[in-house]
Amino acid sequence: MEQKNSIPFTIVVGLLFIFLLAPVLLVFPMSFSGDSFMSFPPSSWSLRWYEALPQNRVLINALWTSLGLASVVTILSLVIAIPAAYAIARMDFFGREALFALFTAPLLLPSIVLGLAILIVFVGVGLISTFPGLVLAHLVVTLPYALRVLATALSTLPHQVEEAASSLGATPFTVFRRVTLPLMTPGIVAAAALAFLVSFDEVVISLFVVGPRITTLPVELYRYVDTRADPLVAAASVFLILGTVAVVLIVERTMGLNKAVGKS
Amino acid sequence: MNAAQAEPARSPFRLNGRQLVPILILPILLVNAISFLWPTFSLLRMSLNEPVAGGAIRETLTLQTYIDVMTDGFYLELVWNSIYLCSIITIVTLILSYPIALFIHRADPKWRSILTLMVISPLLVSAVVRTYGWVIILGDQGLINAFLMSTGLVERPARLIFNNFGVVVGLIEILMPYMILSLMAGFGRLDPRLEEAAQSLGAKRFTTLRRVTIPLTAPGIALGCLLVFVLSISSFVTPKLLGGGRVFLLATEIYDQSIVLLNWPLAASLSMLVLVIFGAALVVYSRIVKALD
Amino acid sequence: MLATSPVATQAPGAEEGDAHLLLDHLQKSFGDFQAVEDLNVSVRRGELIALLGPSGCGKTTTLRMIAGLSSATSGRILVDGREIQSLPAHDRDMGLVFQSYALFPHMSVERNVAFGLEMRGIARDQLKARVAKALELVQLGHLAQRRPRELSGGQQQRVALARALVIEPSILLLDEPLSNLDAKLRDQMRVEIRDIQQRLGITSVFVTHDQVEALSMCDRIAVMDKGRLAQIGTPQDIYERPATPFVAEFVGRINKLPGQMRDNSTITVAERTFKTTRNVGESGDVTMMIRPHRIEMVKRGTPSDGRNVAHGTIARATYVGDILEYSVELTDGVTLAVETATGGHSRTFSHGDEVELRWSPDDTIVFGAQA
């Protein structure tokens, strides 16, 4: 039998959960503030900040940049990480583990250090304040996540199903396309969602790479909060949170669906 | 054996064809080299250069910036302040996270997955948004001050952000999910029957917690503390926004030196210092894990 | 070149030219570990041969080498006299049935079976007809649209069989295909697989650790021990004339008594002497072996008829349905297992009964004592 949680303990934990979730939840009422500055609780309610949001060219442009950037980064992450994950999870070669450690090492570096390091190199080759520069900078953090998720997905895949396909006459490439790839769909969806969210939310490294020509939404939100105190960011945050929920739901659905039709 | 047989034609495709490996890993290797290896070495190299007034850099090989950091009172205080604040953050995060993790561990499976989702969900929200949420709560006209003023406890708003307090509170909340998840991973080895056994032997609830539960979950505690310490010492957005330029930490100083003051050699040396602190934390962690085994 | 192994009791004519599948000095090592050592087996066309042995004996490794999923360290694999050991798996034309079935979870039963035909570029209408026929063969026509996970273990096994057979492979390879099924289903599938194999006349290699499976289904059995071929022969050969103590003990139950050879046909065990006609040049310390069901148990004092005789007391009698298992303690503490059929005219004994055991010198197997 499990040990039961007592009532006083439940209350303490409830309060701790409020502490944990309050900052995210308070963004919602704040976004409906009628005040022209940040004050909680607001003295009046309105939709003025939702109306102001599309008027803010800087934020809107940054949003489109971030969406485009996250999409490109996601696709590239998959295209680059799937072959690498296949090599690392399925093939036996010298230096396999060392390479895996090298490819996931960027996760160990603090973003602030990585950002500065990238700045130093990218300034010299003209990648600062460019889209390719941002893509490369984001890939360095999304690839380790994608690689890990995909390698795990591949290594839990039953090997014999692939062997069965090859004994039935499928060439290794056909085995990969017709058997391996469909079976690792949940892993691919998870890796894509993770890469998209990480890229879309990335601030610190971006701060070093953005410039007057190009900027991302998190960077602009950061700058906005740093310099001004009005509820506009609350309205923007509501959209960000809802967007994240949508991505998570899509993943849930895809994985759930896949479980229903495929994996036993 | 017979006379040599004709070698059958080899198919162009061979499972486990090792010649494919370089092609498969070349793209990731390229990205890794351009955006990780090369920058990291350049950073190390940069820390050995000498800053010249006005943001210029003189290429040389000197430990001067390291010596400056070690002898300048400001930077020494900065380092100690960072370590001190991050230690406090780690300990308080542990204290606030432990009950949640224990509660989830003991909850029945249905609640367990809902509560776990509630713990993970803040991780999916941008740090900028969550920090902004703390401005709503702790700001001069925020939730707490509104409450304090309405009860008449204070006449003027209390300073809750733009100081160490705000930074500590914000980071604790932002890092709690990592601690809770680490603790839950460690709780995997906690068999509820052991707690029951302790209680059947006459141990009071608190004694059970102290003598049985906590020691058994020590590996999870160690992992969570390492993670939170390392993440807090390298965090930038929250200290910057909640510190309002009045709280000086290693990460914010690296940013200011590199972007505002353009003293890249110094920023690079401070980055190396952060990595050294990382290494030290890892050493302490592995010592503790070894001692626990 | 003759593919003979040191202890093989192969039928004459199992030469390279005659064999459908020939394993010639096949060798596989993983680092220092010899998984398969100098294996020579010749399989005739239409024959079902078992690779039998305990886990780790190299039988599955051998099958994987035949299928092309694992490469041989040295040696040759020939099909119809053509070397195939350097062909990749997808060019070998083998039908493979896995222990875990290894069905494609993301495809329907029909698509699973069609996969191999698609790989061979078979036209649509012909493909449909062949898939339907294969599913009919395993009596699963009505489940064509199901997903593998919606099927029972036995049904999944049949799909795996249909998938392997539909491509009309030159050789069918089965890797412990029945070990994930419950006992009753296993008996049924045993008959079914053997039946299909004989109807199609397909040369088959069947890997198993279950001696009953091997004895009851296969034309011949290759017993493997620690990577080496211990014996190859018909089920009768293997059971009645085991070539090594390992084979004698692994296939069926057997009594084992240490003794000494007096002369070529006389063994002393403790104070007793027994006769044997089965000694092949052993002398000195030997191990005498007798199958429990070859021992006849009678009441004491019945006149002897030239067979070996021993006296003892029933220490334990266990009823296991169709047979009775006795443990008989001889007067000096040696214990022999005896099996008798239940029912019919054989009488039953119970605990404490004094009995006399008799067995023929022809059933008295002798091996040199092992160190």
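Here the chain labels run A, B and C in written order, and each chain numbers its own residues starting at 1.
In the analysis below, contacts are C-beta pairs under 8 Å (C-beta built on N, C-alpha and C of every residue); 3 or more make two chains touch, one makes a residue touch a chain.
None of these values were measured; they are calculated from a predicted model.
Novice: Per the definition at the top, count C-beta pairs in contact and tell me whether A-C or A-B has more.
Specialist: Greater number of contacting C-beta pairs: A-B.
Novice: Taking each chain's centre as the mean of its C-alpha atoms, which one lies nearest the mean of all protein C-alpha atoms here?
Specialist: Here the chain at the core of the arrangement is A.
Novice: For chain B and chain C, let me know how many angstrom lie between their CA-based centres, rounded off.
Specialist: Spacing between the chain centres: roughly 59 Å.
Novice: What is the distance in Å between the mean C-alpha positions of chain A and chain C?
Specialist: That pair's centroid distance is 55 Å.
Novice: List the centre-to-centre spacing of chain A and chain B in whole Å, with centres computed as mean CA coordinates.
Specialist: 17
Novice: Counting only residues that touch at least 2 other chains, which ones in chain A make the list?
Specialist: In chain A, residues 166, 171-172, 175 touch at least two other chains, as defined above.
Novice: Where does chain C touch two or more other chains at once, residue-wise?
Specialist: Correct list: 69, 88-91.
Novice: I need the residues of chain B touching at least two other chains; which ones are they?
Specialist: In chain B, the residues touching two or more other chains are 11, 13-15.
Novice: Going by the contact rule set out above, which residues of chain A touch chain B in the complex?
Specialist: It is residues 1-5, 9-10, 12-13, 16-17, 19-27, 30, 37-41, 79-81, 83-84, 86-88, 91-93, 99, 102-103, 105-106, 108-114, 116-122, 136-137, 139-140, 143, 147, 166, 171-173, 175, 197, 201, 203-204, 207-208, 218, 221-222, 225-226, 229, 233-234, 237, 240-241, 244, 248 of chain A that touch chain B.
Novice: Chain C touches which residues of chain A in the complex?
Specialist: 158, 160-161, 163-172, 174-175, 178-179, 182-183, 261-264
Novice: Tell me, which parts of chain C touch chain A in their complex?
Specialist: Checking each residue of chain C against chain A gives 67-69, 88-96, 98, 100, 102-106, 115-116, 119-120, 147-149, 160, 163-164, 167.
Novice: Which of the residues in chain B end up touching chain A in this complex?
Specialist: Going by the criterion above, the answer is residues 11, 13-18, 20-21, 23-25, 27-29, 31-32, 34-40, 42-43, 46, 96-97, 99-100, 103, 106-108, 115, 118-119, 121-122, 124-137, 139, 141-143, 146, 173, 176-177, 192, 195-196, 230, 233-234, 236-237, 240-241, 251, 254-255, 258-259, 264, 267-268, 271, 274-275, 278.
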